[in-house]
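Two complexes come next, and they have one chain in common, chain A, joined by chain B in the first and chain C in the second.
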Partner chain A sequence: MVENRRILGIVSHLVLILGVIMVALPIWITFVASTHDAVRMTQAPIPMLPGTHFFENFKQTLFGAGLSGSEGAPVWRMLLNSMAMALMIAFGKIAISLLSAFAIVYFKFPFRMGFFWMIFITLMLPVEVRILPTFEVVANLGMLNSYWGLSIPLIASATATFMFRQVFLTIPDEMLESARIDGAGPLRFFWDILIPLSRTNIAALFVILFIYGWNQYLWPLLITTDTDMTTIVMSIKQMLEAAEQSPQWNIIMMTALLAMIPPVFVVVGMQRLFVQGLTETDK
Partner chain B sequence: MASISLKDLVKTYGDVEVLHHVEGEIQDGELIVIVGPSGCGKSTLLRMVAGLETVTSGEISIGDKVVNKLEPADRDIAMVFQNYALYPHMSVRENMAYGLKIRKISKDEIDRRVQEAAEILEIGAYLDRKPRQLSGGQRQRVAMGRAIVRNPQVFLFDEPLSNLDAKLRVQMRLEIRKLQQRLGVTSIYVTHDQVEAMTLGDRLMVLNGGYVEQFGTPIELYDRPATVFVAGFIGSPSMNFLPVEASGGTLALANGATLTGGTQASGKVTLGVRPEHLVQDDTGEIRITVQMVEQLGANTLIHGLLEGSDTEFVASAAGHVTAQAGTLMSFTAAAEDLHIFDATSGKRIDA
Partner chain C sequence: MLKRVHFPTSALPYLLVAPQIIITLIFFIWPASQAVYQSFLIEDAFGLSSEFVWFENFQILFEDSLYLETFWRTILFSAAVAVLSMGSALILAAFADRVVRGATTYRTLLIWPYAVAPVLAGALWVFMFNPTLGIFPYILEFIGIDWNHYLNGGQAMTLVIFAAAWKQIAYNFLFYLAAMQSIPRSLIEAAAIDGAGPVRRFWDHIFPLISPTTFFLLVINAVYAFFDTFGIIHAVTQGGPANSTTILVYKVFNDGFVGLDLGGSAAQSVILMILVIAMTVVQFRYVERKVEY
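What follows is the complex of A and B.
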């Protein structure tokens, strides 16, 4: 590592540059594609430098009907749907798993470990596995084509419960005892001590869960038939197939670009807390 | 301010009884030190008084109120933990005020009490810092401050000084003592350090394996230890024990010499004599083969084997004494400094 050999330096730089290109090139192409008009995008070779139609495409994608000739919702509506779904999933998951981890760690009740293992086992059951019964339940509850239907089935989270359990286990018992002597009841302890102490973990989890929610594809595809309820991630795929003519790459790429922006903001905005949450061990 | 009374306290975990019928009356304003080796049940006893452990049977009263079933918060106590248990996300001020805030005490009153406690403990300068920005000694003071502001009837200390370095420990020990005397709050203090116990306590409760071995003032414990365990635990270096044969008021040592012991016991007994009570005397009955000499400056510790046996023996002599390993040294001890214990039960046999 500390060796300062020329060859080694060159090789490691080459590897790093190659890595950057592999990650960044598709994003660059997406961006370039969103700046040309539809006709240019059908010609080979594909352009590698930005064109001049960025604002035009931007306007048509965000506020127009998206693809010309289709009756899809405007992209701002899809962004809103995606945002609502991702936020509901992230907040819902965090709230529920905080509470269930709190119960499992700090309360003695019959079958406590039984419940913990039941939650833990559901880790092996992602949405895709239980998709039919879940769909049945959501349909019977009349939650198709609603934000509730989009988010509630994805809210229960074994991963987050498990993670908060581990976080709570690192908090020394004396903290609870001290709070008890100070006269704090269970809920006070939860609000005043546990939540502030898990703040960085909550932030880290929020980032992960927001992106998880944002990137949901299969579930929204199943339960939304109303175009007003479609989310942006699923609509990108639909745009490819919906149009009768050749795909309008400029609009599709602009949509993809827009779909990337909120997760990027969440990650950048919470980066400091996120990193702290993953690395901090000192309680 | 209140007295505390422990009546026939028993604590079991599953089938294992860890505290056996503990009795004790603690007067108003006293500082009681519970001392014993690790695992003797001293922390469990303290936590039972605090309400953090349930009472299996028996009764704990604070003042004239039985508190067995009361929540810790309703017992009017404050506790200082070994690792301080300060809330890491709150400033020193918030840490101290938290308990008062929950009790819905007015803001002005909280400010006044925190200010007062901060002055007593000289922590006014860092009221707005977080615990992680403080040194161990400062955290210790904050933990004490948190106890003081509550203005409780009883202070409970669970080995509060064991995370500090030796010098600070001595200093904080004196401060705790001064503070307790100034506030006059009944206190129970748990430690495994016998020096800390001797210097702090009005009275000491020596616990061993869940039994109270002796409960008395430090000097009582030193002068008249009730059992071999107490005799060996209190005092440093610890007391020498040797098997002797008692008959008609004399004690026969292994080397054949006899001591006048003033005891009526007969048969095999255990003789205890403190290193510092041995007087060097060339005609003394207690003769040891020197193995090692420790020069401590103020005094000298002479380690050796008792003549005619392989019992290890330590003598402490004032000032500088030079002795060669392998030579024989003779000591004597006054009759009142000889402690006689039953050879099997370990109980003290009085003259």
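What follows is the complex of A and C.
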């Protein structure tokens, strides 16, 4: 930095540490709540230091009945549903966006721009503004309570198509020329040259889309009535409602912890890709 | 847009765009046009017949004081979330930009709330502020504040604003830090040689230089507060007490799925669509402008 004032350095670290504490406090309290037994969690003030019941709660939540008195699916099943939904959304979006970006950038065909604008419009129609009619469409197609219904309506994405279009535009034309001289057809060129060249972009996008898919709430809430199809993120709301009758905060908070571990792990573990994906998709 | 060198016309490009176009037509364009169509209809009380009424649904909405209140409440909510989360992110980024050692560690520790689902963020905050058990009501009692967001509308609003802003700090922080780190060091050094202190440098040089980022984040945060906070409100307050935390998205859901007022809900959807289109246009014009310089 420009000048080397010790005091300023210390203040910087203090502010940042305070910020980290502020940001982490809700998670700390969640973690602490998941390490105590149910009785301790009904006494105010709640503890601020971890207890000794972590593994007990972990086992009861993941494999046991979960919240006693609730008729929901077991938590491992919900985690599985969330994983299936998140992966289907992430892979589905990447696949269809790669194909359509390839068509729009490398082919000249009638209605090319028409298709491009049609994809662009989806940017302006988040699921929240068209919930009722979209629900009707999915119900008429018989896709309620299925993985298809959970994922397919969410996989059309303008941002991913735009990003791949941008990536393809930076690939030099000589690539295509030499590929054609060597006798490669369009699909061969797509598979052997374009995909390998956009590998990091695909990975970065995957990180963002996995989080997006995992954290979906309103959509699964509407189209799953069968408890076997419940996702973990949805279940938290039902548990909060149940908590008003029988507060088992240790189990609820353990479930919350389990629900945020996969996406948090992805963000922290693949931080570089995450930052790249975030800055690329929002431009 | 199109490559100078490209493949000849064939059936292939149509096959390539087909999956995306089919999904867009079935799940985006068709439902959206249905929403527009339904917004012009009023159903009778039994749902047996419906009448085409042009803009009557919209007229009813804009004469409904409840809807207008919701509208202004949404604006207030979005503004509070944006100011709170962008403000804290800006402060943290400004200090993180100064720190030489440990900057990446701080970044790691600050960005992960991005991965927490809104409804989970709501659950964590509602637990911390639980009137009988929560840690904050316990502390607040010592300074004479009786916290109960189940009864007090203002407190309920404060709680959802905190939860929503908390989740968004990570995102704003990343973009602010990236913007500050892209400012040429020589510029800041020149200002320091001219005798500008750290505070002066921040307000006179750094802040104006990152104003495009601030503008971009304002739009992003507005969209976030308008739409993505549904989970937080649904988990924390369900729009209550007495509608004091009902925002537009929540009202569309509530009137449509709970109240079964199809025409009214559709008209609200259309208004939201217009708002999203406006925000997207603003965002894209800004991106174009940024590309120029």
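Just so we're on the same page, the second predicted complex is superposed on the first by the 261 of 283 C-alpha atoms of A that agree within 3 Å, B and C clash if a C-alpha of one lies under 4 Å from a C-alpha of the other, contacts with A are read in each partner's own complex, and residues count from 1 in each chain.
What we mean here is this: a contact is a pair of C-beta atoms (placed from the backbone, for glycine too) under 8 Å apart; a residue touches a chain by one contact, two chains touch by 3 or more.
Quantities reported herein were computed from a predicted structural model and do not represent experimental measurements.
Considered on the superposed chain A, chain B and chain C are sterically compatible, since they fit side by side. In the superposition on chain A, contact is made by A:Ile119 with chain C only, not with chain B.
Of the two partners chain B and chain C, more chain A residues are in touch with C. Of the two partner chains placed around the shared chain by superposition, chain B and chain C are both touched by A:Glu177.
By the touch criterion defined above, A:Pro263 lies against chain C but remains apart from chain B after alignment on the C-alpha atoms of chain A. Seen from the C-alpha centre of chain A, the directions to the centres of chain B and chain C diverge by 90°, a value given as a multiple of 10 for the model superposed on chain A.
Of the two partner chains, chain B is the only one that A:Pro196 touches; chain C does not reach it. In the superposed pair of complexes, A:Gly51 makes contact with neither chain B nor chain C. Once chain A of one complex is fitted onto chain A of the other, the partner contacts of A:Pro74 are absent, as it touches neither chain B nor chain C. Judged by the touch definition given at the top, the superposed model places A:Val23 against chain C, while chain B stays out of reach. In the superposition on chain A, contact of A:Val137 is made with chain C only, not with chain B.
Taking every C-alpha of chain B against every C-alpha of chain C after the fit on chain A, the minimum distance is 7 Å. Looking at chain A, you'll find residues 177, 282-283 touch chain B in one structure and chain C in the other. Contact residues on chain C toward chain A in their complex (touch as defined above): 1-10, 12-14, 16-17, 19-21, 23-32, 34-35, 38, 88, 91-92, 95-96, 98-100, 102, 106-121, 123-128, 132-135, 138, 166, 169-171, 174-175, 178, 188-189, 192, 198, 201, 220, 227, 230-231, 234-235, 249, 252-253, 256-257, 262, 265-266, 269, 272-273, 276-277, 280, 287. Only residues 1-3, 8-9, 11-13, 15-16, 19-20, 22-27, 29-30, 33, 41-42, 44-46, 48, 95-97, 99-100, 102-110, 112, 115, 118-119, 121-126, 128-134, 136-138, 141, 152-153, 155-156, 161, 168-169, 173, 176-177, 186-187, 211, 214-215, 217-218, 221-222, 233-234, 236-237, 240, 247, 249, 252-253, 256, 259-260, 263-264, 266-268, 271, 274-275, 278-279, 282-283 of chain A touch chain C when the two sit together in their complex. Listed in rising order, the residues of chain B touching chain A in the complex are 50-52, 71-73, 77-79, 81-83, 85, 87-89, 98-99, 102-103, 132.
Within the complex formed with chain B, the chain A residues making contact are 172, 174-175, 177-184, 188, 192-193, 196-197, 199, 282-283.
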